[in-house]
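Shared chain: subunit A. Partners: subunit B in the first complex, subunit C in the second.
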Partner chain A sequence: MTMDFSVLLFVPVFSITAILLGLFFRGIDRKLGAKMQARIGPPIIQPFIDLKKLLMKENIVPENAIKWVFNSMPLIALSASILVLLYVPFLGFPPLLSGYGDLILVLYLLMIPALALAVGGFSSGSTYASVGAQRELVLMMSYEFAFSIVIVTIAWLVTKTAPVINAFSLVSISVVPVWGLVGVMGFIGLLLLLLALMLVMPAELGRLPADIAEAKTEIADGVFVEYSGRNLALLYLALDVRTIAFSSLVVALFFPFAFTEFVPLQGIVAVIANALFFLVKVFIVMFFGSIFVHVAVARFRVDQAARAYWGPVLLIALIGMALVMWGTVLG
Partner chain B sequence: MSNSFELCVGPIHPALKEPIQLDFEVEGERVKNVSFKLGQVHRAIEWAGMRRNPIQILYLAERICGICNVCHPMAFSMALEKIAEIEVPKRAEYIRVINAELERIHSHILWAGVAAHELGFDSVMHYTWRVREKVLDIIEMLNGNRITKGVFMIGGVRRDVKKEHIPKIRQALQYYRDCYAKLEKIFLKDASIKARTRDIGVLSKKEALKLCAVGPTARASGVKKDIRVDFAYAAYPWLDIKPVTPEIAGLKARGDTFDRILVRLLEVKQSIDLIEQCLNDLPAGPILAEPVLQKLLVQLKGVEGESIALQEAPRGELIHYLKMAAQDSPYAWKVRAPTYANLPPLIPMLSGCEIADIPIVAASIDPCISCTNRVVQIDNDDSILSMDKLRELSVQKTNKILREVKK
Partner chain C sequence: MGINTLNRSLWVFHVNTGSCNGCDIEIVAALTPRYDVERFGIKLVGTPRHADVLLVTGAVTRQMKDKLLRVYEQTPDPKVVMVIGNCGATGGVFYESYNLVGPVDRLIPVDVFVPGCPPRPEAIIEGVVKAWKKLEELEAAGKRKKKRAKEAKE
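Coming up: the complex of A and B.
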């Protein structure tokens, strides 16, 4: 398969759009969170202002850090986050890099920013960052299993019921919405899988109640503690883009409906409507998975989080999987 | 290779509102050993006080602590009133109690917000601090200022509770009664708060007694001790008051962080009742024993003697020691803030807990570090005496006295 020239052209466009959207959504997130806490909150453009400020600041590398690891991790985190976005349907367009990898690759790519954060934390030589990095790894090991079960179940469902070539391809999943493939039993199963995925979301994105690796009041921002200036800006960007990427993945798996399916539109209007509709869906997912949760709970301890993800969340995912299988095989 | 490493929390750390250095020996996430160092915010307030006249000291005493700035000037005036044998008018005693209890409400609610913040529950912090605004408004209405009120005077108070104030205070008390149900629901019922505080940072009753914990920290461990009851001062003897322990809510005292939250919330309720009682019984009469300050100063200049005043500050037992020697300024003035007594219990509380528990457990004694820093150790080896050296000196001195007695 030869690389299409237009892909090369679209990659920078998509990356910049993703970064801008990530910052914009972070602004909305902060504003809404503030409103829910009865505060005025920062202006929506605050993340842009922060980014500008961070880029102007000095980039300090601690003396006892491993310099090349310490400096490269923010870049790796950001590029992996952007890469995820190129593999999931975004703004109503099919994935830019479809054909070069599938859901399994996305699963791995989503792990990279967390790993990069942990490695960056370990390499910084700070005790707080090391504690944060350990926590990040423990947390990752806890939620990854439940997350994989959700992904694999959906892929299995698509293979079993819809005659498509590659079940793990996000294109085929987004063409055939999963809700139509199942009966009542499977429907409940899918709801449970969606619930499990939403519960994984705060941990995946490092938000409350699972912002354990950062835990400002405990370990002073943990893995971030030694990062400053450009490196910190890149890490924040990576987190913002990862938020968009993960939400897009949830949208692609569970809500791949296009606006034009409900209202027939033509040409450029259809493209814009689909893109806006997509953003609304991403926002709704973000709202329930991250914004709403982080104002409603206290932070978990790392052992409590691990227990929660290996216990109830995993159970929800497994029951969801069983119900989907049962419904599909019997029905 | 040893698995343990050292983690230093403070003097500057996001979990700490004031500088104190906590050194931990940590294995994985578990704390094995704790020690703490003080002395980063020593401001020599007592030294400054010993160069001022008693009325000036009142305003200095108020600035020992940013939050409990009723109890410090009150304890100082009580100490001096005892030496000078000034009788405080009964109305002033009631107004003092009203001010002290308003302070307790605002201090405890402020603390509840800090505790929520330490748990990462910022929504609760913003809620509690918004609720706290009401009591600050009342304090401002009564005293003209929200925090540093300057309302105390030797032999009484400077500002009266006027007739038109009373309905507004009652209204505020009703507001807190209404909020209380919600605060109780948040702090005592919420699963995520309970998971982070139940059986965390336990201080057994035995250890609380052994390490002389004071205030809510001791009461949460089931020690029934409250200066307002044990050494009743001001108008407290006439009020209906009992030490608040978890037993009052029908629970067994476990001495954990949850119990300390519970005790403080119950004390907010108790304070509301106490203010209500004070408003009902508020006697008529003057509010100052000697309204002319010049006369008062001359009177105070001639007094001689020493005394100790005890107070139940929001954080616990507060002691002011004062010695007057017929001079303008005191011969000696010593303050022991409640946090000083509550820091040693931190060690059993923190040993064995996890890193994630450090902020909430450290916050659970409601530490006020700048109150506690009454002495600073400078690097001069001659001035630091070890326990053995002190004992040796004492033995020498005793022998010397014995020899003198024999002659």
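Coming up: the complex of A and C.
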């Protein structure tokens, strides 16, 4: 397969859009969170101000850190987060790099920012960061199984019922909305899978109740503890973009509907309407998966998080999978 | 100049160098939804590495001296040090105690003093706003210095 070079032109545009959107959504997140706590809250552009300030600050590398690892991990986290977005349908367009990778790749790419955080934490030579990094890894091992079950079940469903060539390709999944492929039983199963995915979301994004790897009040920001200035800015950007990427993935898997399917529009209006509709969907997913949750709950302990993700969440995912299979095979 | 035109992002780190905890509680009160400092972009952070402002409470005891110096070194530039409470400013009720090496400005440069025993949250917030202005001046001075150095080179 030869690389289409027009794709390369789009990548920078896309990355910048992703970063801007990430910051914007973080602003909305903070504002809404404040509103829900009956506060006025920071202005929506606050993350931009913070970013500007962080870029202006001194960038300290601790003496006993492994320098090149410490400095490269924020970059790796950010680029992996952006890379996910290039493989997921975004703003109503098909994935930019479709044909070069599929859902399995996205699964692995989503893991990289968390791993980079952990490695960066270990390399910084701080005890707090090491504790944070260990927690990050434990958490990852807990939610990854439930997460893969959701993905694999959907891919299986698509292969089984829709005549598409590559079931793991996100394009084919977003062309055939999964809800149309199942009966009542499968529908309930899919709802459960969606629930499991939404429960995995805070852990995947490192937000409350599963922000145990940073846990400001216990281990002083954990994996971030030694990062300052530019490196810290990159890490925060990576988290913001990852939030967008994960929400886009949820949208692509469960809500791939385009606005033009409901209202027939033509030309540029259709493109804009689709993009806005996509953003609304991403926002709704973020709202229920992260914003709403993190103002309402307290933090898990590590063992509680592990138990929750290996227990109830996994169970929900498994029951969902069983129902979908039952409905498809028997129904 | 109104608050709106200022660079609104200050992350504060709180260092207790042996205070009676009165000032610390007032700092916490300033962070509650009632005063809601997040609307000015002020945020409490868990590590000096992320901080722009050090909030120092207490008249530094001998045991805390090294730690204070270390935290000061760990904070990336540009930074501002604020002393909250009379203790840190003068020694306060612990004045001339045998175990003090403070007050704070004997050890590290202090930019803003917030007097009071303990000061009210409003006073602390006002102090942070003062610190804010100072940071901006530092920034402008840095730019001026750079410009002058550039001109000298040419």
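Here, the second predicted complex is superposed on the first by the 331 of 331 C-alpha atoms of A that agree within 3 Å, B and C clash if a C-alpha of one lies under 4 Å from a C-alpha of the other, contacts with A are read in each partner's own complex, and residues count from 1 in each chain.
By our rule, contacts are C-beta pairs under 8 Å (C-beta built on N, C-alpha and C of every residue); 3 or more make two chains touch, one makes a residue touch a chain.
Please read all numbers here as calculations on a predicted model, not as lab measurements.
Enquirer: Using the touch definition from the top, say if A:Arg30 reaches subunit B (first), subunit C (second), both or neither.
Expert: In the superposition, A:Arg30 touches subunit C alone.
Enquirer: Looking at A:Ser228 after the superposition, I want to know if it touches subunit B, subunit C, both of them or none. Which is it: first, second, both, neither?
Expert: In the superposition, A:Ser228 touches subunit C alone.
Enquirer: Quick one: classify A:Ala296 as touching subunit B (first), subunit C (second), both or neither.
Expert: A:Ala296 sits against subunit B, while subunit C stays out of touch.
Enquirer: Mind working out whether A:Ile49 is in touch with subunit B, subunit C, both or neither, as first, second, both or neither?
Expert: second
Enquirer: Using the superposition on chain A described above, determine whether A:Pro209 touches subunit B (first), subunit C (second), both, or neither.
Expert: After superposition on chain A, A:Pro209 lies in contact with subunit B alone.
Enquirer: Does the superposition put A:Ala220 against subunit B (first), subunit C (second), both, or neither?
Expert: A:Ala220 contacts both subunit B and subunit C.
Enquirer: Does any part of subunit A touch subunit B in one structure and subunit C in the other, and if so which residues?
Expert: On subunit A, the overlap between the subunit B and subunit C contacts is residues 37-39, 128, 216-217, 219-221.
Enquirer: Quick one: in the complex, what on subunit C touches subunit A?
Expert: Listed in rising order, the residues of subunit C that touch subunit A are 7-9, 33, 36, 38-41, 45-47, 49-50, 52, 74, 76-78, 139.
Enquirer: Tell me, which parts of subunit A touch subunit B in their complex?
Expert: Going through subunit A, the ones touching subunit B are 36-39, 127-128, 130-131, 134-135, 208-209, 211-212, 215-221, 295-304.
Enquirer: If we count contacts the way the header does, which residues on subunit B are in touch with subunit A in the complex?
Expert: 5-8, 13-15, 26, 28-29, 116-124, 126-127, 130, 190, 192-193, 195-196, 354-359
Enquirer: Hey, which residues of subunit A end up touching subunit C in the complex?
Expert: Contacts found on subunit A: 30, 34, 37-43, 46, 49-50, 52-53, 56-60, 128, 216-217, 219-221, 224-229, 232.
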